[in-house]
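Look for subunit A in each of the two complexes below; its partner is subunit B in the first and subunit C in the second.
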Partner chain A sequence: MNSSLLIYEWKLLWRDRWAALTLAGLATLLLATLLANAWGLARDQADKARVAAAERARWLGQEAKDPHSAAHYSIYAFKPAPALALLDLGIEPFVGQAVWLEAHVQNDLLYRPQADATPLERSGLRHPASLLIAFAPLAAFVLALSGVARERERGTLRLALGAARDPRRLALGKCLAIWLALLLVLLLPLLLATAFCTGGWSGDTLLRLAGWAAVMAIYLAIAAAAAVAVALRARGLRTALAALFGAWALFTLALPRLASSAAEAVQPLPSTQSVKQQLLDEAPAFWSAETSRANEAAILARSGAASREALGGNYRGLELDLAERHSHAVFDRVLGAFHDRVLAQDAAYRAQAWLSPAIAANQLSMALSGTDFAQHRQFVDAAEQYRRALVNRMNEQVAAHAPDAAGKAHKGDAALWAAQPAFDYSPPRLHLAQLSALPALAAWLLVALAGLLYGARSYRT
Partner chain B sequence: MSAASALELHEVSKRYGEQQAVQSLSLCLAPGEIYALLGPNGAGKSTTINLILGFVAADSGRIAVGGIDVTRDALGARARLAYLPETVMLHPSFDAIENLRYFALLGGRRIDAAQARQLLAEAGLQADAHTRRAEGFSKGMRQKVGVAIALAKRAELLLLDEPTSGLDAAAANDLSRCLRAAAARGIAVLMATHDLFRVTEVADRLGLLRGGRLVLQRDTAALNPAQIETLYLQQLAA
Partner chain C sequence: MNATEFILPHVETAAGQPAPWRALFAWEWRCIGRNPLLWAVSGLVALAFCVGAWSGGGLQQAQQQAQQRQAEADAAWMRETLARVKAYARPAAQPAPYWQDPSDLAGFSRYQLRQHAYKPVLPLAALAVGGSDLAPSRWPVKLETPFGLEPGYDFESPRGLALGRFDLGFAIVGVLPLALIVLVALLATLERDRGMLRLIAAQAIHPRLWLGVRLLALAAWLLPLLALALSLALLLGGADLAAAWPEFLAAQALLAAYVLFWLALAAVVLSAWPGASAALGGLLSAWLLFALGLPLLGKLAADAWLPLPSRVLYVDAQRRIDDALNQQRDSVLTRAFRADPLLAPHIDRIAGLDYATRMSFLAPVREQQLQDWPDRFAQARAARERLGQAAGLIAVPLGLESALAVLAGTDAARQARYEAQVRAYQLQLRDWFSTRIRREIAAPTPRPAGSYARLNFTAHADIPAFAPADEPAAARVRAVLPLLAWLLAAAALLGAIAGWRLRRWPKEL
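Right, the complex of A and B next:
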């Protein structure tokens, strides 16, 4: 591809007022959305850090009390914002940001951002990735209409094709000019603004940002190549407009929704209420007298002791520990299975990335931004492991100390509270398995380029 | 097919549905020869040009440009020819030099501004129009830029579709001068036209198409416009 030709195609593009206005309008919307996201996330992150510090201080400063009561008193864990949530919020608006860690119960996360969303945000277009995936193809189509279909109407395309040594050079030049315009006007400002708004860069965050940029660059290349290919094949401006708009509606609106419905049909989820009810039924916080007797028999059999007194320490602590471990097994089985099914539904949706590049780009964007369910689950699991460690530690204290002569139970003190480390969650690092939609996106790029070259060979003058 | 011919058509036919646009057309142009293709509207002149350009595929027959078969290697054949449509439409946001350099690049030639000015001058475009945006150009001015684009490609064959249609006498005369200069450099010219006066002025031979068939071929040396018109009308009436 001749760089001089590319420069001329670039000039042609930018001297078209409508094309420039389209790009400028979308770029402004993307940047405004990103900055609004960055502001909201920074505010939320500061709130979380402040409340987490207050929570920790409250935990450390609590009065001496029964350790199991302290496990009920417990603490909140806060989910840090994923690495690139300002680019792609993913499922973040729909999942809570804090979880109350208490004995006996694996609580749902609280404070879902969606609850505070504005009407525009509730429409689903609240972050740059969704806007880019939905509307950048439209911008590419406007540019292709201007660069190819309108040139055909004007008559310059016929002259160009007659002059061209190889019409593929013309098609590639137009495609590259459109792609570069999309990269420089839409993508680059987003990346620069993200770099400016994101603090504490790690190697993983840099890798994620580079991957996100590459995915979006591929997606924009697909849009540019498809737009030029369709515009070359269409007989006129109206036909091109109808074909491009139809393709946009099909690939960015209809197919992702159909794929979502198909994923729900193939991997249906039980209702949240039924899962909660199962947890209540199978992991009770309190035992009946009959169950307590059976538990006592089990504890004595396990330790080989003849009676509660022979066990030493505080029998209540052992019973609490038994109950807790029973509930852990239930949570792992019921909630674990539920989460596995959510992941399976996500995988079923992701597998349909072969149907539409928008699905592939959406799934990759969420994975790279750290805002998909798989990465959210890692926080849920980490918070749950912390809760179990805290509760187990408290129950061990109860079990280790027999009541005093007056029958008063042992009380935990500041040393015990301080022995429990603060909750410190590090989001998972990026790994290749998260990018399973990449082959589909690459295949779409090849299809679009093949379409472009075919369109260039069989153009309509 | 002869490699020495600039253009050769052998028994070429093309049908659009029920309409036979071109039928068993055979034609041969030597380097430096100017050939005028005459015929009423719908006779198949533009289809013939589209067939040579490879914009449409022939149903049968063979077309070669500089010995290169258009069916087998349309791009290779097109690299050897330059095309001037009836109405040259330039990019309105480019000036004449930008238009020329852009279309020359498409043709695989990189020319600088000085070369562009020289080519535009050869095509008869006044110097003060070289850096003006093409949006205000008359048809004649656009035609001159089109000629410069064709010259820039250094093609062996020049295809012109109604090149003098809508041009004033001075502009048409400029175009004739350019075509003669091109032919003197060995470039073969095939022009589809209704302009019988220009045929006698620039063409070496003429061919008359009727219903897609070549019904007459003559050298123009001994013909004046009135004689050509008589031949033309006789053939149409036959």
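Right, the complex of A and C next:
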């Protein structure tokens, strides 16, 4: 590739005032959403950290009480914002941010940020990744129409391609110029602003950011190559216009939503009502007297004792422990299967990345930003493991201490509360992220480049 | 010049005889009807409508089925409860723990009561998903839940929520304008792009007539085709058009007004006689402004100037108030007993009250201490709603989306009305049980000798049920009439602007 050709094409691009304005407008929107996200996430994160510290202090400062009551009191856990949520909010606005880790129940994460949103806020919910994926191709198409289709309409493209030793170089030069414009005006400022807004960089975050930038660079390359290829192959400006506009609307606006609907149809989720009913039927928080009798029989059979009194310790603690561990198995089976179905539905959506590069980019962006359901589930599971450890510890204390001679139950104290470590969640590392849409994105790049080279060659013939 | 002449001036034939505009209209109508682009684009729009209605209708049907299953489960639970009350009435060596005894008034009210409230799905729900994919349509009603509404929700795929559902509302609000933009940009600029406009301008034909008739012919094809597509899509989505005919007619009117609005806007853009690329660019910019720019700006403004109270801090406030209330529980109960003539003579019984009975007194006090929070949420939300309504008049797609949700019964206002009903129902239930619990404290029902059950509560069949009340269809239609009028007025204004700009052919073509 001749660098002077690239520089020439680059200069030509900026002669079109509308193209430059389009890029500048989109870049402004990207930066505005990034800064707004960074501000909102930092504010929420500060609230979460402050209340999480207050929760820990409350747990440690409880008065002496029945350990099982302490398990009911328990703590709230708050989900920290994923590392690159400011670039891609992903599912974060639609999943709960706080969970009460109380005895007997695996509670849902509550308080979804979008739960209180008005239609205006929902329509205006954007983040840099969604804007880039939906509208950067449009900017690429505007640049391609300006740089290729108009030249073709005027007849200057025919002259240029006719005179070139290899027309593919000329086409590549145009594509590269558009791609560089997209990278420098849209992507680079985003990365710099992200670096500025993000504190406490870790190696994992850096890798994620590098991966995210690479995915977006590939996506922009696909848009640039496809735009130039279509502009070269189209019979005229109007045809190029219709083809590019139609492709944009289809691939970036319609197909991602349609693919999501298709994934829901192929891998439907059980209704929340049926899942909750099953949990209530199989592991109710307040069980019946009949279940109590069955619990007693099971405990006696397990220990070989003839009666409660022969068991030693505190029968109530043993029953609480039995019921709790039974509920864990039910939660693993029912909720675990439900979460598996959500992941399977996500996989069905991801499989459609071969239909549109926007689907591939969307999936990869969420995975790299840590804002997909797979990484959300890691938090859900970590919080649940913590809850089980806390509740089991408290129930074991109840079981280990029989009431005293006066019939007074044992009370846990500060030493017991301190024995329970604080909830400390580490987000999953990058190697656990689901990046299986990468081959589809790479394939789209190859197809676009092949189309570009074919377009250039066939134009000459 | 009268209004008709302003919009459609006479054509002058070569012989100087006026030719009726109808002839040109009929010619344009036939030409557009023969253009494959019209049928391709209309077909895709109709397909989008159908897919959208199927997707949205599926969600609504699933919610309806969940409500039915819940009602059946609650009824089965009540049957089981009544059977247990009967069975527990037998003699036993030891009484049943109060929290396991369905005949214990306080125990039942706290640990075993299973009542639900529902927001019914309306017959035209397939028209727009609105907020129904996020907001619950089924609420468990418990006596202690602060302010009546459990914060739980029906889990929908968060990926799907983040992407947005391809529902009929999206097809109308988002996809249809793009289809119109393509049609107008390609069908109304052909002569300009081929250099024929100069020849046409040299004829005795007014530019307003030339462009106006073409757009009218396009509208004459699109309006019935889209009305047909909407009807078909709604039927496929499971809508009951006969049961919701006022809303259906209003939806058709909104759709037609929306199409006219975009065609009028297109007329303004086309009045500059652009080529296809400039027309497409101009119209797409308008679409981006309405569908992306204004909502984005509105959200940024709402976040900056109308912040919602933090839910995380609300959790903190609940926990602090719970702790404080736990410390003061005896004094709170003493105050409640003293203030109640029925209970005042029985203050000595406070120490013997079970946890469920105590909570029946503490839950309302807890709400009083938290009251500031829902008030702040409601104020912030109301301010944001007002901003959204104002934005909906400028960002027309947003306004239409909200109006379609109103007709479908999936809008935020109906949701808020139901949430208020749920709260009223909770207070009704609370009062129902509280009255009995207070009486029971004052004059405890004697425990049957040797009985396993407490048997101080057997009126399970009398527990009040949730009775939803909805606004009539006419109210929903009335709610969207301002937007309909606004769309038509905006279309008329834009049409007038285009007509004024088209008063003569441009000097340079």
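The criterion applied here is as follows: the second predicted complex is superposed on the first by the 449 of 461 C-alpha atoms of A that agree within 3 Å, B and C clash if a C-alpha of one lies under 4 Å from a C-alpha of the other, contacts with A are read in each partner's own complex, and residues count from 1 in each chain.
Keep in mind that, in the parts below, a residue touches a chain if its C-beta (ideal position, glycine included) is under 8 Å from a C-beta of that chain, and two chains touch if they have at least 3 such contacts.
For clarity, every value in this text was computed on a predicted model and none was experimentally measured.
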>> For A:N362 in the superposed arrangement: first (subunit B), second (subunit C), both or neither?
In response: second
> More subunit A residues touched by subunit B or by subunit C?
Replying inline: C
>> Which partner chains sit in contact with A:S261 here, subunit B, subunit C, both or neither? Use first/second/both/neither.
In response: second
>> Let me test your reading of the model: by the given contact rule, A:L170 touches which partner, first (subunit B), second (subunit C), both or neither?
In response: first
>> Once chain A of both complexes is superposed, is A:T156 in touch with subunit B (first), subunit C (second), both, or neither?
In response: first
>> With both complexes overlaid on chain A, does A:R15 touch subunit B (first), subunit C (second), both or neither?
In response: first
> Is A:Q397 contacted by the first partner subunit B, the second partner subunit C, both or neither?
Replying inline: neither
> Hey, which residues of subunit A end up touching subunit C in the complex?
Replying inline: 18, 29, 32-33, 36, 40, 43-44, 47-48, 50-51, 54-55, 58, 76, 78, 89-91, 93-95, 97-98, 108, 110-112, 114-126, 135, 138, 142, 145, 149, 237-238, 241-242, 245-246, 249, 253-254, 256-258, 260-261, 263-264, 269, 271-275, 277, 286-289, 292, 338, 342, 345-346, 349, 362, 366, 372-373, 376
> Considering the complex alone, what residue numbers of subunit C touch subunit A?
Replying inline: 48, 51, 55, 62, 65-67, 69-70, 73, 84, 88, 96-97, 99-101, 111-112, 130-131, 134-135, 138, 151-166, 170, 174-175, 178, 181-182, 185-186, 189, 193, 275-277, 280-281, 284, 288, 291-293, 295-300, 302-303, 308, 310-316, 319, 323, 377, 381, 384-385, 387-388, 391-392, 395, 397-398, 401-402, 405, 412
> Tell me, which parts of subunit A touch subunit B in their complex?
Replying inline: 2, 4-5, 8, 11-12, 15-16, 151, 154-156, 158-167, 169-170, 461
> Within the complex, which stretch of subunit B touches subunit A?
Replying inline: 53, 55, 75, 78-79, 82-85, 87-94, 98, 101-108, 110, 146, 149, 153, 159
